[in-house]
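Since the structure comes first, as structure tokens, the remarks are kept for the end.
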Amino acid sequence: MKEARRFVTQNVKEFVTLAFILLIYLVAGVLRPEVLSGGRMAGVVNSVLLWTPLNLTMALGMMMVVIMRGIDLSIGSNVALSAMVAGILFRDHGASLWQGIVVAVAVGAACGMINGFLIAYLRIPPIIVTLGTMNAYRGLTFIISQGKQVTGYELPPGTTDFVAEGVRLGGVLIPWLVVISLLLALVFYLILKYTHFGREVYAVGSNREAAYLRGINCKKTEFLVFTIVGALCGITAMMSASRFGYINPSNTGKGLEFVVISATIIGGVSVNGGKGTVVGVLLGCLLLGTVNTMIANVGIPGTVQLFTYGLIIVTALLVDRIVLSLDSKRRMAQQVAGKEALR
Amino acid sequence: MVKDAPVVQAKGISKSFSGVFVLKHVDFDIRPGEVHALVGENGAGKSTLMKIISGVYQPTEGQLLLDGKPVRFRDPHHAREAGIALIHQEPLTFQDLNVAENLYLGHTRSNGKPVINWRELHKKTDELLNSLNVRIRSRDSVRGMSIADQQMVEIACALSQNARVIIMDEPTAALSHGEVKTLFKTISRLKEQGKAIVFIGHRLEEIMQIADRLTVLRDGERVSERMVGEITQDDIVRMMVGRSFKELIVKENVPGDVLALETRNLTYPGKYYDVSLKLHKGEIVGMSGLVGAGRSEFASAVFGVEPAQSGEIWVKGEKVRIHNPVDAMRHGIAMVSEDRSRTGLLTAFSIRFNMTFAILKRVASRAGFIRRKAEAPLVQQYTDYLSVRMRDPEQTVKELSGGNQQKVFIAKWLLTESDILILDEPTRGIDIGAKMEIYRLISDLAKQGKAVLMISSELPEILQLSDRVYVMCEGHVTAELTRQDMTSEKIMAAASTIQGRSAGE
Amino acid sequence: MKRNRILAIALAALMLVTCCGLVATVSAEEGKIKIYFIPKNLGNPYFEALSSGFKDAIAELGEDKYEYIFTGPATAEATSQIEYVEAAVQNDADAIFIAANSNDALNGTFDDARDAGVPIYLINQDIPGSESHRDAAIMPVDFSTIGKAQIKLMAEQIGYEGEFAILSATTDAPDQNTWIELMKEVLANDEAYSKMTLVEVVYGDDQPEKSTIEMEALITKYPNLKGVIAPTTVGIAAACKVVQTRGLAEKIRVTGLGLPSEMKEFVMDGTCLGFQLWNPPYEGYLAVYLATAVKGGFKTEPGATFSAGKLGEYTILENGQILSLVDPMLYDITNIEEYAALF
Amino acid sequence: MKGLDGRSKRGKLSAVFSRREWVPFGLLLATLIVSASLSESFRDLAYLLRTTTRYMELGMTALTMTLIVSAGMIDLSVPATMCCSATVAALAFHAGLPMEAAIPLGLLTGLACGAVNGLLIAYLNLPSMIVTIGTMSVFRGISQIFIGDKSLGKFPEWFNSIEKIPVFMIGKARFGVTILAFILLAFAFYLVLHKTGFGRKVLAVGANEQAAIFSSVNTRRVKLQLFLLSGFVSGIAGLLTMSRLLLVRYDMNLNSEIDVVAMVLLGGAEISGGNGSIIGTFIAVLLVIVLKTGLIVANVTSDAQMFMMGLILLLSIIIPNIGKLVQGFRDR
């Protein structure tokens, strides 16, 4: 029993998020019973699944940044720039889909490296660097595209198959896009749990002084994290092209950074570093995805979406604070007990 | 223990910070299978010496020898790789990771494989923890652990990097006596395994119990190095204290009998219990005790930063309620806190900014604007009174020496013209010359009728300056001595025993 | 430290000079007719198409006689165009053609411009309720015909019976709302459409992601939905994408107003049998002739006529509007390829 | 070289010259020269003042943001608060309340938004950036719920285009009321931050909160007061924007959270707190105006502008402390 109790206390955040998701389905069921009926449910699940890939992929990268007490506001613009470069290759140079993907990931990683160099080696606070590069990359996207968008038929064939085809699981079609993002989540779960680099991310986030003392190269780790986030932007760029069927300098990746930051915070990644799990982030994305889809399906006017996002972020912060204070009260009681024994 | 070749030798080590020599030509040998204790008053240079040996600082003069060969450590990690590990007073651990990770992160790369093999690491960690017979398990997360357990984690981490020398800086300060016993068992086990242990501590009976060899430092110089068996605690105290201050400190204050401050059974479970003391106008009352005895916590309760959970505070004969520093200041209480850079001064701002920061209401007009004309003379008056050496009041505090910074810090609180002054380690980490001036200032303030409560870990200060002294140990007031029957032995004894039971047992 | 300061200022100034010098290629040439076209926002393919019309006319009338500037804000907020109108006036433009983002936010700016002698023409839309603040408005087509034409096209595609829905732009979009009202009117009193029922009007806010979610919600909410009308280019593309991905082309017919280049993919593979639109390049082409005529003394009072090259004669209606087309054009398998190359 | 008042003359002069506000000032000068040479329209004062008027509201919020950044915090919910306050005022007016009553209601909403931020950040000590990212969506969400995509307008005549009321005219150029308000507010905040006790407490909270607590500063109250001030000024700015645009939409000043922070950083304030400078921000606001106007007039498309703004923000941080940064490069 003790083992189970310890498992629950350690992942209380994840359970709270899961509870939120079930709550929403419950509320929706009460408001619009037909939403949960057989056919409709498959549709709802499908749109939640389709909403998740882009945000989950980026949330994995944002999680690593937040664990290291950083922030990256430039991911939306980075996605747009990587997508546009690949788009121009498709449109003007007839590049194949795979060549496009490679180029997009390369461009994304390069932008990530610029962020990483300025933050890790020149020690400029992440909010300033990514604030600057956000505008710079978005501006660059417009410049290289001369305002023109890359439309659906200019994309190589098969781009949209990632959304159309997929794996059939119990009647519901899981598009390839979702499979890829879940695979990425698994890869990141393994990286963060089993590789040196993964644990060093937690170490540097938890206590940079102690990490340095143990010989961890904090700068290299931080640089690598921002580069990986950049590469993820490249992948998300191609996902966006496949999902929406076009690449537009002003729409692609617009507002992505705030949705992803919200999903990461809701997913229980602590803002003072050192804490955060892939499962939590996955649940955070599912929660926001459910909110999005439920609003459309239950017929609540779309105008409520922004408000609900904000409310969920603030609630997640409060839950995080309550968990923290309960934990520190327990620790204080323990210490006092220790000293009491002395008298 | 057989006397084989020392692992680490410090030869003629000197170290100066902005001109002030903290260490002068110190020799120090660390031999495998031996616990070498290092004692001395605060500011005698103990931790500076250890920081040099463990690569945190570079020596100004002198050399470090590792197995006889000269060596220079670039940084603490370089020293760790050479087998020298420093265990800090507040352990440096990853709160959110488990014990195995705290141990092996950073140097797990050495096994070449990119993936960490957790099963094997947890097994190795549990083996190591069992060898230290500690009840922590490898999978526990560090967040909930007591200081003692976290210390064990740091020691285990040092061992996992097969350290040959383990330096412990005041390890027993925050431990209960049960935890101290387990620590000593671990140390003796490490000794048998041939590790070299350096133990920095205050509690002499602990040192007599655990150490084989003992070096006494005073004012940055090595006074003596003897085997523990050959000397008694009194010899150590005499060596530690040594110089007498009689002719240096001019004490002219005459303690009055008007009660300025009285506390009755102030209690904060876990920090201090039933502390009752009296402080009269014109009197200097000392508060002595070891690190972690709860003196600073008590002071911050009187000053309202962290109010006590029960008990009463009386100022000038009537009961007062102090919830925050503003209440305290309203009742004429001021506190020169312990760590001036962390909780005292705003080093990035000018001397003028810092000095008038606690009395903004007085130098500001009704509308809140600072009247430079009112500010300048006050700053001038107090910098002259304390003879602060500075170019001009616009200079940032960072540019001043430690002694001058402390003077600015004290001036800041003198400006509040409070008549009850709490000084927490007023002379820590400053040169002898500045210390003398501050002693003269304290006795001068008492002469003017202020009531001074001086918390200090330096016995000579307490002995020379205070009219009465309260000694605290583990949160309890264990002795109240008047000036006549005040001796360092009595204070030391009271500081390390609680109602007849030695802190060490 | 001071030396460092002066170095900083010099470097920054130098960088700025190169930047501005490099970019500001446009210099004020005397004697040329200066035409400004300010779209709703940059990166919008629809306005790229319109701009190509300007260029065709200028090519015909002689490149050297004109200076054509196509510039505008990055995002389509109500007030982001003010700066560009004022800049155009400041550069003493001969004519400003603008697709306003709001019906009344720009009235003050238009008045200042016209006081300074710079004529203001709305293009691709009018500003209902503030007509007095502009000189004339080039309308893409007679809006009153759009409602009827759209509902007729839908009816033909679903055999004049069954459930259909409308995926519109923003709830407040003036054009779409007028068309929807017209559609409802026709549905109510023309009994040819008696067997057709409009189940719901949903709003995709002209955002690709939202439109996609709203379309998915429609499909799940109404299992036997037969058709969707999306009278907005972003909406129709998103709707077709969803239908194409889910392979529901036979079951649900999507039509509305779309851009040939965006819709080519869907028309070619049968997802969309046909859609309507007007001809944006015509509007651009016509605008240049209007500006040239006005420069030559033509007065834009109601009833006045002017010739527009290959498009023939145009007269200004009572309300100061010029219709570049009367009825919307039908784009389907027969002409999609030809027009997709144009815009 | 001893000055009269005992302070060395050289010290005083060098103090003036070594201040970090010279960086934005240098940039401002350079932009002015370049833009004026590029297009003569730039020399037309009337046009310049008209474009400046448009940025005055955001400029005011940049001033309060300087105080917040000086205290080591950040408030990303400023534009959302502006929008929420304006929406409430507009709704109240359309619900029948006279405009004279609706305006205070709007300001009250601004205060309320500030209070929400203040309580969460000061008394529950949650991190200010993440809290304001959350409250930003909440406040803007509120106005979106009530007015959706519609725009509320048709205000009484006296309320519309307050910024066009001239304080004085230089030929055709109109020196509007909002420009004067911005300058007065800047002067007031300069006094508050650099000349009052409260200002010193703000700087102290940013530099070392522990030291401030031990010097009997109620740091929680200071933080709450800062966010109330930010909410109030955002309310004023929101109402002025509504008056200028004659209407309010839920997307008022969407995505300009970052511009406000950029102005403060361009002004030389450090994001970690402790050294904000009102003069720096004042100059930085002018710099942003001249930059944006100059670029638009030179027909530089908005995308190139965005690229340059991002670049300038980065360079204005990297260049001045190249020394410190390179040193940072060497140690861990």
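The first chain written gets the first letter, and so on, giving A, B, C and D; residue counts start at 1 in each chain.
Rule of thumb we're sticking to: a residue touches a chain if its C-beta (ideal position, glycine included) is under 8 Å from a C-beta of that chain, and two chains touch if they have at least 3 such contacts.
These figures come from a predicted structure and were not determined experimentally.
Set against one another, A-C and A-D show the most C-beta pairs in contact at A-D. Seen from the Cα centre of subunit A, the chain whose own Cα centre is farthest off is B. Centres computed as Cα averages put subunit A at a distance of 35 Å from subunit C.
Averaged C-alpha coordinates put the centre of subunit A at 31 Å from the centre of subunit D. Centres computed as Cα averages put subunit B at a distance of 45 Å from subunit D. Residues of subunit D in contact with at least two other chains: 148-149, 301-304, 306, 308, 311, 332.
The residues of subunit B never reach two or more other chains; the list is empty. Residue positions 138, 142, 147, 212, 249 of subunit A are each in touch with at least two other chains. Viewed as a contact network, the protein chains fit none of the simple shapes, being neither a path, a ring, a star nor fully connected.
Checking each pair of chains for touch leaves A-B, A-C, A-D, B-D, C-D. Against subunit D, in their complex, subunit A makes its touches with residues 71, 73, 118, 121-125, 127-129, 131-143, 147, 212, 218-219, 249, 258, 261-262, 265, 271-272, 301, 303-311, 313-314, 317-318, 321.
Those residues of subunit D whose C-beta lies close enough to touch subunit B in the complex are 6-8, 11, 15, 191, 195-198, 200-201, 203-204, 207-208, 210-216, 218, 274-275, 332.
Residues 39-40, 42-44, 46-47, 50-51, 138, 142, 145, 147-149, 151-153, 160, 163-164, 243-246, 248-251, 292-293, 296-297, 302 of subunit A touch subunit C in their complex.
By the touch rule above, subunit B contacts subunit D in their complex via residues 75, 305, 324-326, 328-329, 335, 337, 342-349, 353, 357-358, 360-361, 363-364, 367-370, 391-392, 394, 412. Taken together, the subunit B residues at the contact with subunit A in this complex read 76-77, 80-81, 92-97, 101, 105-109, 114-116, 118, 141, 143-144, 146, 157, 176-179, 269-270, 273, 474-475, 498.
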